[in-house]
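Below is one structure; the comments refer to it alone.
So that you can tell them apart, the chains are marked A, B and C in the order they are listed, and the count of residues begins at 1 in each.
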């Protein structure tokens, strides 16, 4: 058997423990898919794999027990899925391209969750369109609100939905439900001033609890959608750490631009001798210094007037 | 007098009103729902017929047009008070049959229960009502059970008919504006429903004894005392007064009233920390019996008009109509004791 | 004058009578009809309003006996003779003296409850011939809480007065004062024909409940007992809903209720 393992990895297959057997890795950007595709996945697992499927930690499916020689047939069967999920593909019928940049994951978002401030899957797919295929090791995740069910702070780029609460004083009945809930579940950004809530804009994290809890719709959501962008969280053997806030009240276009700029930055500064040519962005930033990174990241970015940039950033995390 | 009007013609009639009146109707607040990317249909000022939403029930009722959520009563200095000015224009309110019956309940409280309310009176006298016909019942409606499915006290009625409208006009002055624009004159009866999926049964034998039933207990935990059921209700009328001062040391300010809810904490608080109906089940009982028992004892008709908005809005899926339907069993329970 | 009930009028403080540190009677100018048991909304711009019972009716004046407990009442106490307060009212039904004329009358009052009923007591103290007999049982927490002490001495001349405090150090207690809850003194009331005797009970909720039970036990008919209810109030005119209990609005139909009605009121 003669197999180019470097090439197969970039085609979303894996070298497994079992000699002769690979596993097909199926990314689902934004973690949401039409139920009919599950039938396709089942078919591949039963025809070419060992009849089992692993649900991955990055919102994908991994089908183990596939003989290497079946890769082409598997790729052919994957084609409808790749098209249905709108994956950027260089040549039809050749399976998933590249596996460096990880699947862009998302919590269930506002398709279902009352707290979510936007459609996380749709945004994830727009980022997917902008960055894939790509060999660089980037982890990007999106979550609907500051509850961060997606654990985006453990990613290089964490995107958290925010809404800017709009207050219509004439509808307020002074029940203080918003003030109570903000104190109990969020950050105590509201206080009563002359019978009505006053919002501390500095403190407010845009979670929307006031909107959800106001019985008379005195609080509503802003038409504009806002995001918090957190940076350089990571797991792993060396210095795992949580992502730090970089931008608050950011917009979608700026976030996509910052991510793309970061690819340029990594291309320039990555340690080409790193094992497997892979290096977490965070370590590169540690090496070049945050200011250098920031210069690259914010190049040609037009943040909304409301946006706040936190700088410089320092990360904590576990050090051995 | 009945007419058929094109959409443009009806819009022209509507425009002719705007000199003297502000128009309130159910309209779509895009992205105005409490969840992201959702709309909200509720009352607001409209300028054109296209803004009016005919095919959904509004989440909140028309009452905010007549009884503002927050209304300044007067301005004061240390030793003088000056009544707040009324709005410059009158109002035309688009509403359905249940709500038009709701108006009678508001009148009962604000014009007859004790002395007249001067603020309500001065608005009420300058409001005209446009009945929106109901081709079908909406979710949670039980107007037929409450006898509010048909209304006649309107200035004009409107029903969507194809691309245009059918209108019944009871006001001569308005008929003059409509006649030249009408496509046809014909007899029009506003559409109304004759049955709802939801029905309620209010037992004839109901007495205040029912207060001691155990049916109320389940709401102690289910209800979160948010007050939404009161705020959306076309017949809830309670308010609280507040004094505002404009500067810290000065004594210049205003007294206003704002909507209040018998479900929300603080409604019965008295000095020294006392309060009544601490449990949410007791508040539910107080509300339900006000709507389908004691208001009738006082005035001869039930307060509830069966619009079902309380059921539409409750975040805990507590159904008012369902609680009413438990009263029969509850009466048996308490009279058996 | 406006027909807008919400707009208050100015009234001048002509006299202040201090009963305790936190309870004063404010004598206010007022020309108009008013009955004992009715109340005014005392209104202080910037602080709000407080319903206060009429505790006395004079020539061109009304007395308001106010306990200092919160926002509005604290501010009232900042005022002195010659100052003005805003008032609106009178509201509520008040006591109807005809209900008691020609009968034997027992008034049971706890604490500040004496103030709404003071007008009734004072009237029959001045016109003892209008009733067949009269007893006042009034209780306070401690000797320092006693209200209308001067009145009590005067009333004693034309009626039976039982003044009691819940507890007291003996040295402290005025000579004319007994110890124990008002209910303990009920059986001491001497009555000719209990079936025709009438009673008024005013005070804190628990005190009212037990006093009524005591009266019923003695043989009073339900229809011969009146109570005065206090509830949270805001408008005073049947609009705001705060004072509603069952099918009554305390501000309109009360605060005075015949017990046959009062009995049915469930908060």
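As a working rule, a residue touches a chain if its C-beta (ideal position, glycine included) is under 8 Å from a C-beta of that chain, and two chains touch if they have at least 3 such contacts.
Just so you know, these numbers come straight off a predicted model, no measurement behind them.
Chemist: Just say which it is for the chain contacts: an open line, a closed ring, a star, complete, or other.
Modeler: Drawn as a graph, the chains make an open path, so a line.
Chemist: If I average the C-alpha coordinates per chain and also across every protein chain shown, which chain's average lies closest to the global one?
Modeler: B
Chemist: With chain centres defined as C-alpha means, what is the inter-centre distance between subunit B and subunit C in Å?
Modeler: Chain centres of subunit B and subunit C, defined by C-alpha means, are spaced 39 Å apart.
Chemist: If you average the CA atoms of subunit A and of subunit B, how many Å lie between those two points?
Modeler: Roughly 45 Å separates the two chain centres.
Chemist: From the mean C-alpha coordinate of subunit A to that of subunit C, what's the distance rounded to whole Å?
Modeler: The separation of the two C-alpha centroids amounts to 69 Å.
Chemist: Mark out which residues of subunit A touch at least two other chains, giving numbers and ranges.
Modeler: none
Chemist: Could you tell me which residues belong to subunit B and also touch two or more other chains?
Modeler: 240, 242, 260
Chemist: Enumerate the contact residues on subunit A facing subunit B in the complex.
Modeler: 110, 114, 116-119, 161, 163, 169-175, 177, 194-195, 208, 211-217, 220-221, 223, 225
Chemist: Under the touch definition given earlier, write down the residues of subunit B that touch subunit A in their complex.
Modeler: Spelled out, the residues of subunit B in touch with subunit A are 29-32, 34-37, 40, 42, 60, 68-70, 226-228, 231, 240, 242, 244, 258-261, 264, 266.
Chemist: Residues of subunit B touching subunit C in their complex?
Modeler: Going by the criterion above, the answer is residues 73-74, 76-79, 81, 83, 109-110, 113-119, 208, 211, 237-243, 245, 251, 253, 255, 257, 260, 262, 267-272, 275-277, 282, 286, 289-290, 293-295, 297-298.
Chemist: Considering the complex alone, what residue numbers of subunit C touch subunit B?
Modeler: Residues in contact with subunit B: 2-8, 10, 45-49, 69-70, 73, 84, 86, 230-232, 234-235, 237-242, 244, 246-247, 249, 251-252, 264, 266-267.
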